[in-house]
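Heads up, the next two complexes both have chain A, just with different partners, chain B and then chain C.
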Partner chain A sequence: MKSLGSIRRDFAPWIDPASSPFLRFEDVTKRFGDFEAVDDLSLSIFESEFFALLGPSGCGKSTLLRMLAGFEMPTSGRIILDGEDMAGIPPYRRPVNMMFQSYALFPHMSVAKNIAFGLKQERMAKGEISDRVQQVLKLVKLEDYAKRKPDQLSGGQRQRVALARSLAKRPKVLLLDEPLGALDKKLREETQFELADLQHQLHTTFIMVTHDQEEAMTLADRIAVMDKGRILQVAPPAEIYEAPKSRFVADFVGNVNVFDGTVRSATGGRVTIETTGGFDIVAERDVGVEVGQRVSYVLRPEKLKIAAEPISGPNVMEGEVWDIAYFGPVTSFHIRLDTGAIVKVAMVNATRQSPLQLTWHDRAFVTFDEDAGLVVTQ
Partner chain B sequence: MGEAVKPGAVEREKSGGAGNRRKWGIGSRGLFRRVVIGVPFLWLAGLFLVPFLIVVKISLSQTAVAIPPYLPTFGDPSTWWSGLTQLTLDNYVWIASDDLYFNAYTLSLAIAAASTVLTLLIAYPLAYGMAKAPPAWRITLVMLVILPFWTSFLIRVYAWIAILKPEGLLNQLLMSIGLISEPLVILNTPTAIFIGIVYSYLPFMTLPIYASLERMDHSLTEAAADLGSPPLKSFWTITFPLSLPGVIAGCFLVFIPAAGEFVIPDLLGGSRTLMIGKTVWLEFFTNRDWPVASAVAVVLVAILVVPIVIFQRQQARVG
Partner chain C sequence: MGWRLSKFNVVSMVFGFSFLYLPIVLLVVYSFNASRLVTVWSGFSTVWYRELWNNRGLLDAAWVTLRVGVLSASVATVLGTMAAIALARYKRFTGRTLMTGMVYAPLVMPEVITGLSLLLFFVAVDFDRGFWTVTLAHISFTMCFVTVVVQSRLISFDRSLEDAAMDLGATPTVTFFQITLPLIWPAVAAGWMLAFTLSLDDLVIASFTTGPGATTLPMKIYSQVRLGVTPEINAVCTILIAIVSVGVVIATLLNKRRLVRQARNERLAAEG
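Up next, the complex of A and B:
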């Protein structure tokens, strides 16, 4: 049996008919004036899941999170958390906590006071509060910084304080709005793994908003790809990448070649697509299509093979080497077909030396297997 | 290839240019800094310190029937030494020995303090409302707050006489709606002084508070709510402490000038409330006793320097 992205996941309550969702958005719409920020959206999230909302800036991710936190009221629809309808419950009574994009640390309070703030609202005993503060400080490795004020911390440390503060009350759901957005690349990568570990330890349900596909892929159990207030696809990272349901999803997550065309024949397990570029693509059929239907064929660059000599068989394209970029693990080629279209090919550098000798303006041949890409209808 | 060039360029900068530039930088910046600090310093010295020292000197002189009405005058350099020996602390002793001055000082400080509190109570909600208004409105609201400055201060205080006097607008209004049957006596009472000061100094309290509230990150109160704090509690634990710099600035901007206020108590307060500004005026123009008037003014400055220094410390810490 084959698996997508060579990962077997044991945590998959969304395919288990016996498990029921912990959190549900039911036909939620949010309008600001005439503008529809969230458009009739339904979504189920399970307990202990690390869920990512991924989409371009302005697609309504933060708005969705803010409705769950209680800062915005849905124009219509319901939000149900652990069996309870959230309508009419003010933010300060909801069992969720949010880590803000700007961190929103209280500048006049020390790190410890910031973290204790939420606990004090619960009328927790003094000793218990300080125990809990110590505990979360340890979790984010900031034990030595308890007495500092936020402006005496680095960006990465502030991020951890914000995280610690939102975790301190042990919320049922932790909301993270672009939690790593303000960190530099290296720190972001380190923090990603820490965040994943933390979620694993705590078993808290995490909902993270991000516009960074790599971040979503690294961290999430499932990703919802959003655009213009709608959810286009909800699936585990490997499925989003290897089996995108639409052009937008394929294009937004990772690099992709898209060939538009018309179905010329669909027989047995195969379709033949006549592309607008003039060549035919023979592909495995995994969606229902009819002859004459307009479809797109999406193909990841690393699923193409490149050669300097002519290749025979179906699914071969020929063109000129237009651009080469060496990234270390992969070398990326841009091949310009005679129609002018650019095809992206990523060659994995599996060995230190390669017999392939190509330079700018050489003729190159590109081929792919029938199951390398995906036929999408939207 | 690109990488081969870069290290070379960095190298060159390190070996020569940067060091020299830094040396030159310090030199020219030092001069520049001295000029930048020096100009306002000379300005303050010429327009504040010198006149103040003249006032101090007059306060140490003796009244005389002359022009100017005090001795010594230091006109002729040859009499400077004998002039210096004539300076005396008599005027300060006089001020200390007469209850009138003590009462005027305490009354001034009490009225200034009370009206500062009143102004704060009105200005804070005003500033809060302005800061929470839609961003597009805010500029207009700020303009409305400073609008009174387009009219002369004196005229605005006179206008209050027309409003507050027994047959004035306020009493006419209250009587016509039947709330009172006889005119209220407000003019020439401390109440009128409070009204005048609160009205006149409201913008000085409102604007700094507005500035500190407006630049506060809105997500802070959201974070407080998210962590379980109801709105009123969030106000006292987050919003108010963070607006304190504005509150303190506003209080000083009201308290200090209000303590020395002359026009408002003179026009609205009548003759029975003798504040220190009025006292200076009386000594100066009615008694023609410039030395005592100067001594009263110098003592007022000395009293107010304390809060000013606290204010400066506070501002420095915020900055």
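Up next, the complex of A and C:
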């Protein structure tokens, strides 16, 4: 299959056999009573990588982050950072810093004191501390706010103070717990780019926990999709999106149509799937499947083409326009097949006036190329 | 539409406040009475305050009370805060229920029983009764009040602040003194005030546990009143009321200032 790389074209240490990971989780398990938060998980993260842990709430991603910060101890397994086993090292002696979801700014200290707090613990000289505080304040563009108290700042400014404070000690790894979660949409988009710039500038390893797939996609070099304490897939954003390994990953990241079925034939580079909806799908074969095997075909809405006139050829479905949602850049159609199944189609509005005049309850025809979707076996 | 009081409201308010404050007003007024007779007004005078200054017995009692109050409130605050932290932070440890019960029991225990049991204990261990036994007794019964006040503050405390401090390299001790304590300080101070007030005004437990040379002010007042109320007692009580009133006024002003500052900060934050 075609390779789907990372955003940074020349940065891909995970495919380079000569590079060794900076941070390793080795068979890490964490139980709280009977509940298994993290289940025998292994993961390697490389130096100056921006890594995202993505998953629904309760999938264990925050527990993983808290184990790295030292607030939780693994029930079994090892965490090795820069060659050093983290077992038994308390949070205040670890070379990692965390930016908390609630920001956790000390309300009784000014912005400058908040940032200096960590440096004071290192017994750094006074002059050096104030230089470093100035430096990070400049980094987050808050030089004029040093004397303010946290409750005199807006949400966006607080977020930047929290970021500055966690960067001030120059940690080996910066941990970000839902860093943009508390910001409104517009501010979140701006801050996303700032965060990415900052990371490229500093070359610090960033590990972010998020439940927001868009956030993970925009920021991360690689994403680990997690569910129920396990990692389902680790890959760059484009690969997660275009080549998900399982139904869960496909479904969790972005919008998707899933067709369940059985393999009828698998010859050469092609596979024919008889779907439970009664129609056949002819697809490019990129995973090993056997005849009779139960598989799913996952197909992103924007990979489908929609027409008002009948289309000939394989992979054509016919149905009724059930719903139309106009988003501006794209229009989303829900087509109800005769079997009752709904197929989602996204049409890019490349021209101002759409040549396609479809409205509610019209008959519509939907088609896709053989390599438009993906056969998944899990 | 303006807010007006109905006749019923006015009458009930007058009666209510009279019931609460008239006795106190009378006490204050009669402390400035020139006559020795408590119930006969014969002109304004500060003679009883001067008399008070020469009454060694009352002054000694006040001094004992102050020392007992400050010392017992301080120790009770330290112990009570520690208990509050244990109860608020550690949700599961052996004997937690027992500890909760034992910490809170003095809250509802009749004072006579507390006093008597402490007396029996001090006699059993052959502890000479006096200043120290009263202080110990006051520590033991005021501690739980501090615990209640501090624990309620800790429940709303954002623990990620402590996590953040440790993450930034602060040891648990540094975290406690530089982050936790400054933030729960108002509750700790309120706990101290409460403990001090309770100690100041305790008669029953002090009577049981005291010994020669350690007569507290409430005990002194009580014993003198049995021989008849003198205007000197009125003067002492007026001073006590003045101290308490000043405390309340200061607390109100501080609170008001905090609210004003909070409103200003919010405005500043909104302006960016």
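Everything below uses one rule, namely that the second predicted complex is superposed on the first by the 370 of 378 C-alpha atoms of A that agree within 3 Å, B and C clash if a C-alpha of one lies under 4 Å from a C-alpha of the other, contacts with A are read in each partner's own complex, and residues count from 1 in each chain.
Just so it is clear, a contact is a pair of C-beta atoms (placed from the backbone, for glycine too) under 8 Å apart; a residue touches a chain by one contact, two chains touch by 3 or more.
All values derive from a computational prediction rather than experimental measurement.
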Report task. Return fit or clash for chain B versus chain C, each positioned on chain A through the superposition. Result -> clash
Report task. Check whether chain B or chain C contacts more residues of chain A in the superposed model. Result -> C
Requested in this report: Name the contact category of A:A235: first (chain B only), second (chain C only), both, or neither.
Outcome: neither
Query raised in the report: Which holds for A:S154: it touches chain B only (first), chain C only (second), both, or neither?
Result: second
Requested in this report: In the overlay, answer first, second, both or neither for which of chain B and chain C A:K169 touches.
Outcome: both
Query raised in the report: Now for A:Q121: first (chain B), second (chain C), both, or neither, which partner does it touch?
Result: both
Query raised in the report: So, does A:F100 touch the first partner chain B, the second partner chain C, both, or neither?
Result: both
Report task. Identify the overlap between the chain B-contacting and the chain C-contacting residues of chain A. Result -> 69-71, 90-93, 96-98, 100-102, 104-108, 117-118, 121-122, 165-166, 169
Query raised in the report: Touching chain B in the complex: which residues of chain A?
Result: 69-71, 90-93, 96-98, 100-102, 104-108, 117-118, 121-122, 165-166, 169
Query raised in the report: Can you list the residues on chain C that touch chain A in the complex?
Result: 158, 160-161, 163-172, 174, 178-179, 182-183, 262, 265-266, 268-270, 272
**Report entry** Contact set on chain A toward chain C in their complex
**Finding:** 69-71, 90-93, 96-98, 100-102, 104-108, 117-118, 121-122, 148-149, 151-154, 157, 165-166, 169
Report task. Spell out the residues on chain B that touch chain A in their complex, using ranges where they run on. Result -> 217, 219-220, 222-231, 233, 237-238, 241-242
